[in-house]
Every structure is written in C-alpha cells, then in structure tokens.
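Quick notes on the structure that follows.
First chain written, first letter: the chains are A, B, C and D, and each begins at residue 1.
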Amino acid sequence: MISVEELDQIAETVRTERAQGRHQINVCVAAGCLALHSDTLKGALAERAQSSGISCQVRGVGCMGLCSAGPLVSVEPGAILFQKVKPEDADRVLDSLKAPPAKQHTDLRQTPFFKRQFNVVLENSGKIDPENIDEYIAEGGYRALFHALIEMTPAEVVQEVASSGLRGRGGGGYPTGLKWGTVAKAHGTIKYVICNADEGDPGAFMDRSVLESDPHRVLEGMTIAAYAVGASKGYIYVRAEYPLAVKRLERAIREARRLGFLGSKICGTTFEFDIEIRIGAGAFVCGEETALIASIEGMRGTPQPRPPYPAQSGLWEKPTLINNVETFANVPPIVRRSGAWYSAMGTPKSKGTKVFALTGQVKNTGLIEVPMGVTLREIVFDIGGGMPEGRKFKAVQTGGPSGGCIPEQCLDTRVDYESLKEVGSIMGSGGMIVIDDTSCMVNVARYFMEFCMSESCGKCIPCRAGTAQMYDILQRITRGQAGERDLELLIDLCDMVSATSLCGLGQTAPNPVISTLRYFKQEYLEHIHAKRCVAGECRMAATQAARS
Amino acid sequence: MQAPSRKPALPSEDKRWRIVNGTMRRHGYARDALIETLHTVQQSFGYLDKQSLKFVAASLHVPLSRAYGVATFYHFFTLKPPGKHACLVCLGTACYIKGAAALVAQAEKTLGIECGETTPDLKASLLTARCLGSCSLAPLVVYDGELIGNEDAVHLQGRLEGWMGS
Amino acid sequence: MKKKLATVWLDGCSGCHMSFLDMDERLIDLAEHFDLVYSPIVDQKIFPPDVDISLVEGSVSTDADEHKIKLIRERTATLVSLGDCAVTGNVPAMRNAFTVDSILERAFGDRPVTHPEIFQGLPKLLPRVRPIHEVVKVDVFVPGCPPSADTIYTLLRELLSGGSVDVARLTRFGA
Amino acid sequence: MTQAMEVKTLRIDGVDVSARADQTILEAARENNIAIPTLCHLDGLSDVGACRLCLVEVAGTNRLFPSCVTRVEEGMQITTSTDRLQKYRRMTLELLFAERNHVCSVCVSNGACELQALGQSQGLTHIEFPYRFPQLPVDASHERFTLDHNRCILCTRCVRVCGEIEGAHTWDVMGRGEKARVITDLDQPWGTSESCTSCGKCVEVCPTGALFDKSDVGTRARKHPEFLTYLNEMRGGQS
C-alpha cells in the first residue's frame, strides 16, 4: 500500500532521472508503429547508442498520433520528432543529440497537425512508457484517486463528474454524471463497473491507442467510478483483435495491485475494488450494453430490451455502470483539476475534448484530440492537411456503421453531439474517414449495410431480415439491376428498421443509407436510371431486367 | 442449488487439456467462464472441435446447444482446423476505401478459395477482419501474424504463391 | 357494354382455373357482364388489346412467361394475380434454391434422349421463378391455393361495380 | 404474490384500464379484450421482445415499446393500432415471409399456422420484398418429429420451452444474423440428440410448421400450447 508521500517520491525519482540531463529517445511502440517494426528500431537505437558510447535512455512510448508518418521517434529535451525512421537511420537520430537536427527533420510539432490539437485524454500518450507505472505517477497519475478517496465523498465525486458536463464517448453521448448518479442510487450492495473496450466501429482506434499508450489512466478512471457508485468489482471487455492492449492492461493491473491502487484497502482506505479483463470474441453487437453484459456472462451477445437499464439491473442482474475507454480516461483529469475546468472547454452542450481516428483519403492520418466545437473543415484540411495530390474531397464519414457521410457543403459543421446529428451523422466513438471522388457513395452505403447485416445478432426481425433486404437492394443498385420500386422499398425499410429494431445496432443501421440518400441521391438515381456509376467503382450489368 | 459437481475426465493424455482445465479452474468452473475457456481451447488446439466443446460444456455445466450457440456466435472462434498459414485482410472502412476489396479478390483468386475457407491441402486459410485499428496503414494485410501496411495486390499474390509452393 | 375479361395460365397447376370453373351457375350470371376474350378454355390464340380485367394464374418461370406477362400488362387495365403461384411463386418457386442445370439433370439426366430435336423451341427456364409482381406491376392480389370459387366470384362482382376489394377478408396464402 | 400489489391506471386505445404494477402492457390490454398481435410471446414462457409485432405507441415519446416486456406505468396513454404501427407490422411479416421458404400450400400447418393467420389478419395479400429463397435443410432424423428450417421464424419458443419448462435445453440458436438457425445439442441430427427427452413440447409451441409431429402429415396439424399455462399453475408459478 502506498501513501501520498510515496507517490510524490516515485514522481520525484522519475523527474530527477530525467533532469540529469540525459537525453531520452522515445520510440512509439503503439500498434501502428509496431506494425512498422518500431520494436526492431528501438533495439537498433539502443544498440547504436551503447556501442558509440552515447549516454541516453531509449524508451518505448505510446502513440504520438501522426500514424501515417510512422515509425515515429522523438528526442527529449528538444521536442524533436523524426518520422518514418528506419533502423539504418539510428545514427542520424543519435547525431541530433550532439548537434541541432538536420534540416529535413524540422520540428513536426510546430505543424498544424499538432498545433491545432488539445490533449486531455492523450496528454500522456507518446510521452510515457505505458509499461511503467512510475512514469504515469510522474505525470500526476493516481493523484485523482487519492484525492477522491481521501478528500471526497462518493456523492461529491458524482457531482464533480456531473459538473464537468462529460458525456459518454462511446457514441450515445449520455451525460456521464447522470449515469453514475443512477447507479450510485440503485439499490443493492453488489454493483459492477464495466469498461467497454469493444471498439467495434471499423476505422476507429481511439480506445486501442489509449489502452496501449496510457493504460493506468483507464484503471484510475474506473476505480474512481467504482468508488463513486459503490462497486467492488470491475471488468474491462476488450476486443480479441487488440492483443497488445490486453498485454499492457494485464501488466498495468498487476502493477496497480502491487502499489495498492487495486485490491483491498486502496490508498489506505477501506475501499475495495479489483478489475478483471474479459476478451471479446469478435461481435460488433457486443458494443451494445446489454449484449456486452450477456457476453461477460458467457452467453451469446444478444441484446435485451431496455428497461430495465443496466444501471438498475445489469451484470448478473446487479446495478452496473458501463462507460467506454475514453469516458473513463477523462475522469482522472476532471477529478484532479475540477469539473469546472473541464466544462470550460467545448460548446454549451458538448464539453471537453474528443479523440478522433482520422483516416482515409487525407494527407495526415492518425489519432487526434480536439476541443469540442472545432469544425470538420479544420480537422480535415488543417490537422489532416487536406486531400492527397490530385484527389477531390467528397465526404467525411463519422460514427461508423451507425453514422453518416457528411458532404462538402456541411464541412463548417462544428464537432458536437447535436450538430453532427443535425447533418445526419453522429459523433459516434470517433472514427472519421475521409472519402474522395474515387469512391461511389452507394457502394459506401452498401459496404456499411453488409457490415450491419453480418453483425446483426439475428434476434429481432427488423434488423435480421431488414438489413438483409436493404443489402440486397443496395447490391442490385450497384450492379445496375435495380428499378424505381427498389428505391421506394429501401426508403421504407430505412424508416421501419430504425423505428422497430430492438437495439441500437438495428436502430442506426439505416443511417449510412439515409445520409447518402440525403446528400448523394443523384448517385443513386444515376445507378438506377442511367446504369452509371460516376465514381467508376460499380460494374453495371446493363442487360439484367430491372424490377418494375 | 447444484449437487456437488462431478468433473468429466480429460479427453486424453494431451497436455493441452490441462491448460484448458486450468482456465476453468481459475474461474471456479463458473458457467460464465465459457467464452474465456473457448479462447484457451482455440489457443491450444487451433480450433474448437466437438470433443472439446463437449468437454468444456460438461465441465462448466453448460448445455451442449448453448456451448455450440456461443461458439458459432462469435467470429473469432472457428470450428474447422486452420491452414498452416493464415492470410487476414482487414475490411475496415479505411482499408475498404483504399482498395481492400481488390486485395480480397486477388487472395481468393490466388488461393482458389473464398473468405473464411482453408485450402483443401490445409496450406492456407483466408480470413477477413472487421477492423484491426491500424487504419493509418490502410490497406492492411496480416500474414501469419505479421502486419503489412499499404499492401498491394502484386505483393499479396507473391506472398501467397510462396506459401502454396512450399 | 360488357367488360373484356381474360384468364391466363402461366406456370401453375391450373387449379385456379378449376376454381374459376367451380363458380358453376354463377358463370352464367358473370357472362352477362363479361366477354371472355382470352383464356385456356377458349380458342383465341393472340392476347387481344384493351382487356379490362386479366386473371393471371401461375408464376413467371420461363422466358416465354416473361414475354407473355409483359404483353398482357401492356394490354390490360386491371391485372389480377390469381392464386399463390402468381402471388408468391409457391410450388414452382421451390426450385429456386437450386440451379436450373441441377434441376434439369435431376429430372432428365439419367434418361436416354432419343429425339433431341424435341427440346428445340421449348421455352427456356429462367434462373429464378418469380411472382408476377416482381416482373410487372400488379393491381390486385388474390392469394390462395387455389382461391375459392366464392372468392373469385366476389372479386369479379366487386371489380365490376368499381368498388375496392378487401381481399385479405376473403382469402389467404395457402387457402 | 403479495396482496398489496400496487395498482396503476392507464389508458389503452381510449379505454381506461387498471393493472397491477408488475403487469406488462400486453397483459393489461388482453385482460381488457384489446388485441395486440404477437408472435414470439407465448403465455407461460419468458418474453424476449424479439418479433416487434407487439410494438405500441405511448403518448409523449416517438419511441415504440414492445408491449410484451414493457411494464405498465401510471397515466400511460397507449395506442395499439395506428397507421404507422400497422404498416410496420405488415412489413415485419413480409420480411419473415420473404426470409425463408414459406410455402403455405404444401405445409403441414396450413390453416393452423400463426404466421399465416397473422398475415391474413394484418391484411397481407402479397409480399413486396423479393423472396430470398435460401437453401435450407430439413431434419427428419427424430423418430417422431421433424424440423424444417424453411419454415422457422426464429421466435425461439422451442429454445425457451425446452430450457425453461422441460429443463433439457436441447435447443439453442447457432450463428447469427440471417444465418442464425435453431439447433439441437451440437448442431447434430435431432434423432441423435443426447439431451432430448422426446417430450414434444417444442412441437406444440412452434407457431409454424417448422416443428411438426410426423403423424400429423397430411392433416391440418393443430398445436396445443395451452399445456404451458396449466403446467405453470400446477408448479405454483404465476398464471
């Protein structure tokens, strides 16, 4: 068990080491750069440094954000960032410790990609070694937990989170404080906290990055939540596709237990809480709360009708708090600094910052964090650097299979829950995919419908059979086999499936169709009447008889 | 109330069954350990066959049909033995926008099988993923666990032909 | 003036026509209001223009059926899908889960063909049997296998008087 | 049941009704002779809210509520049959008819099928959606019963009755989405099932001809799910 003084001591030790003037070479070892063999690079750098007698510390750190330029290496002090570094570049990186860096390595952090961002959730990402709890502590980690457990009552913690205006970052945008309050007030002595790390939206990797780059932040957030709602057991439900995140979480949990941040008598109080990891097995629908609970219980991940809500009757029919990774990751800074500090950022209804995975046909792809309220144009054209040479912007897709495609004329839309909904998309978990004029929008709709159809659990009829019919229709349209009647049926199905499906997956499955019909109806009509795909993506079978 | 539970005997001398049993023991043979246990079976044996499903179901007191229902609900589990090599094409949105469909088509052509299948000589399996979360490297293919970003059809074909020739 | 009535037999068992004939003495009543201008039970070989009501039995299974139903649609004011084969595909559509080749092989594969020329000019099976409304627009649907004589009579009387027919009250799939 | 169960008053289709606080909208409606179509619901089994036919409108929200699992609340104003609801119900049924191969004319349950009857009562005369014609097997391996996947609508009544009433849990659902199918044990031929007691409850509760008794072939097989209410009463459960 650890005291505040010892916490200070750990932080001090880390800082002293850093202050000794030794350079630090930080190599990104999050999944993106790791896939480009940054672990080999890290080894090469360490080896070269040793053999040439250069005194420096080579560390693996979490995601630095600009994944398209990976593998990334940063040198501290000096905040110099090297991009696309190969093992044979080791000498060049080490040279920069002696002399100012070569011209081609101008400080990328002064570019719009970094300057336009504001980091809360990602404040430690790319700066600390995710496999070393001391480094998290050195950045002020676990202070919030001490503060909450020793100086605040559970009700005060709920109040602080409520006053921050934080809303669920998994996509729904339900006020986090309200949810916590409901679970806190729910009857029962046994309660659970679940962290939803089943990041299922294709094109989204925010949660993965947070878990891989700063896992303790999530554990701390969950533990504070458990204290606030009165839970003693927590689960993190992680996708099986994220083995590295699982590995780092396992290590983080072990370290947190060792220092008494998990287990019994946390921070010297009577509070008890522990966390278990549950690995998903590949089912998008398990991102839905009740399906996720069924999956933790070892069952098929089929959703249940709500009410009762998990806050009243969730895991094993006990009151259960479910938040996603990014939501929990926001909690420590809110408790540490105050809800008022957090709510000063963002728009009147959407507070704080949001992490996005910016990908697709845009120059700078990677992970970004911006204050709520920036426009999509700023994200795509300033931070993202606009389109690659010769490409023309067509739409930006947000919200994954539950979201929509936002066209050029709506690019000045501000990023907040309500504004994105108004233009026919949703905030979602944070996937943001830029689409250019080589993509057919009907085909994009077909892609998402295929996704929903095969991810439908099959329990309720509208989602199971409705998405299959919608997919068939979209398939006929992209093949030039559809008639006017098909379009009418498609529109009817959009309405019916969203109004009658049992869970969020079905209710939002028509969204990609609805939004592309809203902004790109001409493309649908051209496929149907002229048997023509303006993007040149669809192969038309003109001879097939169309339905009357 | 459950009667004192009898545990079925391990199906064979194979040491891997002890690993499977270890997972179940760690979870106190609770029914909710089904998915965790199936993960262990798949890690140990490469796939879930009927014998292992029967063993796990009996050990955890889960009805056979429920065990089978769970095993087939989740994409991650496979009931067929996998090939010696595995090619996994990511079909996430970013990969799709950047041409993953053409990669799938090339892989299907080269291996002569469809997604989700294994070649008859068990040399290679062709799989797809919903999203691997490395979208900046789109399109993405994983060859036997090795992640290759910005993949193109020519390189993919070469890689797969290498497997089939070996 | 009498209305022009046609009845058509596509891919079906002719049961709907049997049901039509089962109207018995009521046929005489109907004959006062209708001219039967085209039907399997009359001699007319060419589907005439300006037909008021066409009762179509059977599904669209061959290229000839498809050609025929399009012509009938052009020349008919009120097209009635009569019976389950026309409305749902019914029994003829049970082959849709299989390919045409595998069906022909199953039916004729092991028979020696002594006069292959007899196959020439036969209508070609479409890959998929379809209900009529998947090919042309249909005005009234009358499910049933077959729809009863009462149903057909009530329907024709209603159509004659220009009223709308609540078919679901009279019949259902499989009736 | 405790005697002092709270009573709620609400309005269904303009009729003032009262119901116990633990009752569902469906129960309250049926006690007052207000018909709401259902398919996956069956008196005596747990409710899953899956078929969406019993959705009703509640004043004050645009959301639709499955009446089989939604508890009554004080002052609720419920409408069970608007144009919108009727349209959705018809579409739901059409989706079912188009999903698999329902050929009423050759079905053992013709004339005794809940899907067929609902189709008629909801005014269906044809299916707008193209039929999907999947290729599905028939399992006739059991000595007394047959399972025809072509006629299965995945209501899961068989799964529930087998697990909840018979206690065998022979049935479950495998796969997901449009590929989901009911199975016995490890998706093996029914006749080889180790857990099946051949009690026939699944057959009696099946709303279509997907599960039928071989001796009923050629007849219009009536199902008798009423035994459920009786069994539950005798076991001391709620009606």
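Here, a contact is a pair of C-beta atoms (placed from the backbone, for glycine too) under 8 Å apart; a residue touches a chain by one contact, two chains touch by 3 or more.
As the structure is a prediction and not an experimental result, all values here were calculated from the model.
Participant: Counting C-beta pairs in contact, which chain pair has more, C-D or A-B?
Facilitator: Between C-D and A-B, the larger count of C-beta pairs in contact belongs to A-B.
Participant: Based on mean C-alpha positions, I'd like to know which chain lies farthest from chain D.
Facilitator: Between chain D and the rest, the longest centre separation is with A.
Participant: Between chain C and chain D, tell me the centre distance in angstrom, where each centre is the average of that chain's C-alpha atoms.
Facilitator: 34
Participant: Taking the mean of the CA coordinates per chain, how far is chain B from chain C in Å?
Facilitator: So the centre of chain B lies 51 Å away from the centre of chain C.
Participant: From the C-alpha centre of chain A to that of chain C, how far is it in Å?
Facilitator: 58
Participant: How far is the middle of chain A from the middle of chain B, if each middle is the mean of its Cα atoms, in Å?
Facilitator: Using C-alpha averages as centres, the distance is 25 Å.
Participant: What positions in chain B touch 2 or more of the other chains?
Facilitator: 66, 69, 73 - these are the residues of chain B that touch more than one other chain.
Participant: Counting only residues that touch at least two other chains, what does the list for chain A look like?
Facilitator: Expected reply: 283, 300, 455, 457, 547.
Participant: Among all residues of chain D, which ones touch two or more of the remaining chains?
Facilitator: Correct list: 128, 130, 173, 175-176.
Participant: Help me check something: in the complex, which residues belonging to chain B touch chain D?
Facilitator: Within the complex, chain B touches chain D at residues 50, 53-54, 63-69, 72-73.
Participant: Going by the contact rule at the top, pick out the chain C residues touching chain D in the complex.
Facilitator: Touching chain D from chain C are residues 81, 84, 87-91, 93-94, 96-98, 128, 131, 133-134, 138, 141-143, 145, 166-168, 172-174.
Participant: Okay, in this complex, where on chain D does chain A touch?
Facilitator: 48-52, 55, 64, 66, 69-71, 84, 87-88, 91-92, 95-96, 98-99, 128-130, 132, 153-154, 173, 175-180
Participant: Can you list the chain D residues touching chain B in their complex?
Facilitator: Those residues of chain D that touch chain B are 163, 168-176, 183-187, 194-195.
Participant: Could you please specify the touching residues of chain D with respect to chain C in the complex?
Facilitator: 97, 101-107, 110-111, 116-117, 119-128, 130-131, 133-136
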